[in-house]
C-alpha cells in the first residue's frame, strides 16, 4: 500500500475498543480490517472487548446460512500480525451469561516462535479495563 | 481521559457503560441524543447523580437547544458547553474515547 | 427534484417556529421576511459561516436593495465595498472568496434578495 | 445561550486534531457534530490533521446528493471546508467500495463506465493506513459515530 | 445548488468532437424547475397541468403544424440517416442518446405519427409511434429542455431540419397546457413587465450608468456620457440587461460607450426597451416575442432616434436581424442609409474601416485570445454585406485591438461552432449538470489552443455565453474570468481623443 | 388474371402516389413560414438559394459535411437510383429515346451500385450504435424493400431473364389504358409488386424527404431581411401598436 510510507519513528499505543456484536452490524468486521492495517504499521496495537463486543470472540460461529463471511477465524491470525493483547471485560461476559470457556482460543507465538504458544485473550475486570483505556494514546471505537 | 456519549440512555447502554469505566479525573461529554440523560427526574439521571466522584460531566448546549431542553430542567452539577468548549475539552485531555 | 415536490407545495425555512417561504433554490419569496437570524440559517444551508466580512457584504446588498429594489451589479457592489471598507475588500476575487458560488447569487440569497435572473 | 467554557486546563494553544467519522449523513447527527466541532477547532486556531471517513461515514462523500434547498447540504459543507481551510478529507477505500463511492480511477478500474465516479470535490479516497497515520501524526483524535 | 465542478471529472486535453459511448438515460433525471402558477399566469398561461391536457396538447400541435412549415417538414422528412447523431454538444458531453438531435426530434415525431399519420394510427409499432402519456410529457419536458437551440445539427442535416424549431414547438405546447419552464417564463414575465430580464428599474440603471461615467472619467480623463432616455439622439443602443449588471458583460458596455464617444454620434439607451435579449425565442411563443420587439419599436419612435444598434447578445441578434422587421416593422421612420437594425460590431467595424478609430493594441498584451462564435450569431444571422460576415467582423475587431489572436480548431468555429452549453433558456442553476457537461466540447477546443498557442482568454459576443463560461470554466481548469467581451478588448485598446492614453502615446512618440 | 390484377394495382398505386404527393406538396406550400430562419451563412439572393439547393440535391453538400461514410453510401445509392430510373424509361417510350439508349450500359453498373449503397447504409444502421438506436422497424423494412427491388432487378438481368418485350407491351398498355398480358415470372411479379408498394407508401413515409428538402425553410429562404421586408401570411395580423401602459 503506497500510503503506508510515513515517518516510522513514532510508536503510539493504539487501543481498538469493540462494543458491538458481529453480523448484525458491520462494525466488527470493519474494525478488524482497521486493526490489521494498524498492526502493519508497527504500532503497539491492543484490542478491548466489552459489552456486546465480547460476542465477537465466542466459539462456533458460522455465518454461511446468512450468506456472510464468518468473522471470528480472523482473530486467530492476529498473533501473526504482532497483535498479542485482546482484553476482555469479565463483567461484560458475566452479564451475558458467558464464561472464558465460551470464547475461542486465540494464541500467539512466544518470543520468536521458539517455545510454544501463549494465550492472547486477557480477561480483566472493569477497573482494570478503565486503566487499560487510560494507558493508551489512541482509543479507536467502532 | 475524555469520554463522549451520543446515544439516548433510553435506547442504548452506552452511557451506563461509559460511566462504569470513567475514573477520577475523567470528563464525560454528552452530545446528540445523549443530552436527554440530563433531564431532572428521569431514570437515567439517577445514574448520573450516582456516578463516580471526581468525574466532570458536560453537556453540549446546541444539542440541548435543538431538542428544546430548558436549562432549568438540567440536573445540578452539569456544565453546559458549546462547540468551542467541546474543543477545549478535547485539547485538555490527552486522549478521548467515544462510546458509540 | 421537480417531481418530488409539487410546485404548489410551499417550501419554508423554520425560524423559531415561524415558516418563512422560499423558492426551489432557497431564495426568499417575500423579501420583507428577512431577518439577520434568517441570514444565519440560509448561510448554514450554503455551508458558509457568517463572519464580519460576509456580514459587510450582506449589509451592502441590503442597503442597495432598499434604494433600488434590485440587486446591485457586481461592479457597483465592489465599488461600494472599496469605498467603505478599503481597496483590499473592493475586488471581485475577494467577493468570490467569501461567496464561492458567485457573490451575486449566493450573497443575494443570504441577504434575502431575489435571485438575479437573466443572462447572468 | 451563554455556554460555560470548562475550567482551563489547556496547556497547548494550537493542537493538531484529527477526526474519525463513522456515521451516514442525514440518518445520524455525527457528520453534523463533527463538522461543527471542526469549525470551532479551526476558529480556535487548532490544526486539523485529517478527517477520516469510515463505515457509513463514507456516504458523506457522494457528490450526487440533492437535499432540499432549506436543509444543510452536508456533502457541500465538507467540500467547502476542504476548499476554504484545506482540510484533508480521506474516505476509506475499502468502506467506500462496499458502499459505491468511487473516484474516477476506481470507477475505471472496476469498469463502472464514464461518469460513474461520484466522489465529491475536496475528498480523496485512500487506504486505512491514512487512519493510522493520522493517529500517529496528530495530538488528539476524536471519533464521531452512530 | 451544485457547482459545475461537482460534475466534471475528465478535463484532460482531447478531441473536442470525440464521440462518446451511448449511455441511455444518463441525463433522464436532469430537468429544469417547472414554472409556478403565478409565473405562468403573468404570461397568460395555465398555472398547472390542465384537465384533458392530452387533447389540448394535440390540438396545439395541430395548430403549430398548420402554422409552421419547418415543423411539418421536420416531422415528415427525417430519413434517420444519422448525420446529426454526433453533432449536438449535449450528446458529446453526456452520451445520452436522447440528446442526439434525431432522437430528440423523435420524441415529438413519435407523437406526431400517432395522432397525425395513417401509419402511426394503425401500425404504431412499425413506425415507432406513441401515445402522448404523462411519461412522454415528462420525457419531452426533460429532453426538450436539454436542447440549447444552437442549430448546429441543422448545418449537417441533408434536409435542413432544425431541431430548435421542434424544441420551440414542444416547449410552446407544454407551456400552453400548463407545464412551463420556470427560468425562461419568469424572465419573459419580467421583461414584459419591466422592459428587461433582470427587472432593473430606471433608477438602478441610471445609477449604474452614473457609476460607469465616473470610472470612465477617472480612467481616461475624458467625459464619456452614458445617456439614458435621451430624446433626439442619433442612435438607440439596445443591450442585453446583463450588460448593465454582470461581469464581463459590463466591460463590453464600457467599450460601446467609448466607440460611440469617438464616433461623434449621439446615442442613448432606453429604459423602456432596456433588453435586447428576447427569451420568447426559447419558448417558441411568437406573441411574447412580438411584444418584446414592439417595445423596441415604441422606444425608438418615442426617443426619435435615427438608428437602432444592438449590443453583444447572441439570440437577441438573431431575433433583431431576422425577425424585428417582421414582428414590429416597418422601421420606415429610421434613417434608411444604415442597416436596420445594426450590430455594434458592424458599427465599430465601419468606423475602423473609415479610419475613425485609433488603437493601442499593447493595452491588451496581457491577453492571448481566441474567439468563440456564438451559435445564434453564427447560424441564425449575419453581419455586414456578405454571408459569413458574422465570423469575419468580430475577428476583425479583435485583430484590430489585440496583438495575440489564435483561432480554435476549424471544425469547432464558424458555422461549425459549438454551443457554450447554456443557450436556449438553459442558463438556470437547476441545469448546472447539463451546462457543465454540454460545455465539454468547447472547453476541450479551448484547452487545445491553450496548450498549443498559450491562449489565456476567450472573447465572445453573447451574454449567455459570457455567463455560462464564467460558471463552467473553473470546472475545466480555467480561471473564472478567462471569458471577455469583444468590446471590452476594443474599449481597452481604443485611444480616445484627448485622453490620458492619447497624451501618453504622444509623449512616447516625441 | 395476373395482368388485370397488376394493372389495377398500378392504377391504384399511381393514383395514390400522385394524389397523395400532390396533397402533401400543396399542404407544405400552404403552411406559412412565420419568420425568416435560414441556416446561415446563407445566400443573399434567390439565385444563390437555387445554387444552394442544387448543391444539396446533386452533391448532398450538408451530408458531406456531416459524415463521409453516410455520404458515400447515400450518394452512391441516390445517383445509382437516378441512372437506374433513367434506364427504365425504355419501358415507357416507343420508340426508345436516344439518351435512354445511351444510358443502358451505365444502368446495369448503377444497379450494382444501388444495391451496394443500400447495403452500406443498412450496415451502418445495424453496426453503428447511434444509428441503430434511432432506427424503427419501418427504417429496416424500407431498406429491405429497396434492396428487394434492386436485387430482383439484378436477378432478372443476370439470372432469370424475363420477356421484356411482353413486359414493355404491358407497360405501354398501361399508358394507353389497355390491359395487355404480363409475363408471369415470379421474379418480375415480385419486382413489380415492390414497385407498387413503394408507390403506395411514398406519400406517407419518410420517403417524403425528397420533396421535403424543397420546402425546408432553413435551406430555401434567402438571407436578406435588411434588404427586403419579410411579411408572411401569418404576420398579416395587425400589430398591437401603441403603448399598453
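Think of it as A, B, C, D, E and F in the order they're written, each chain with its own count starting at 1.
The rule we apply is simple: contacts are C-beta pairs under 8 Å (C-beta built on N, C-alpha and C of every residue); 3 or more make two chains touch, one makes a residue touch a chain.
These numbers were taken from a predicted model, which means no experiment stands behind them.
Graph distance from subunit B to subunit F, where chains that touch are one step apart, equals 3. Two chain pairs, A-B and C-E, are weighed by contacting C-beta pairs, with C-E ahead. With centres computed from CA atoms alone, E is the chain lying nearest the middle of all the protein shown.
With centres defined as mean CA coordinates, subunit F is found 65 Å away from subunit D.
Rounded to whole angstrom units, the spacing between the C-alpha centres of subunit C and subunit D is 27. Separation between the centroids of subunit B and subunit C, computed from CA atoms only, is 38 Å.
Rounded to a whole number, the gap between the C-alpha centres of subunit C and subunit F is 61 angstrom. Of all residues in subunit E, those that touch two or more other chains are 1, 3, 21. Shown for subunit C are the residues in touch with two or more other chains, namely 1, 24-26, 100. Each of residues 137-138, 141-142 in subunit A touches at least two other chains.
Per the contact rule defined earlier, chains pair up in contact as A-B, A-D, B-D, C-D, C-E, D-E, E-F.
Put simply, subunit B touches subunit D in their complex at residues 4, 6, 27, 31-33, 56, 58, 60-63, 65, 79-92, 95-98, 100. Note for the complex: subunit D touches subunit E at residues 63, 66, 69, 76, 104, 113-115, 117, 120-121.
Within the complex formed with subunit C, the subunit D residues making contact are 39, 66, 68-73, 76-77, 79-81, 83-84. Listing the residues of subunit E that touch subunit D in their complex gives 1-3, 5-7, 9-10, 20-21, 23, 26, 95. In the complex of the two chains, the subunit E residues touching subunit C come out as 1, 3, 31-37, 48, 138, 182-183, 186-187, 190, 196-201, 203-204, 207-208, 211-212, 215, 240-242, 244-247, 249-250, 277, 313, 427-430, 463-464, 466-467, 471, 480-481.
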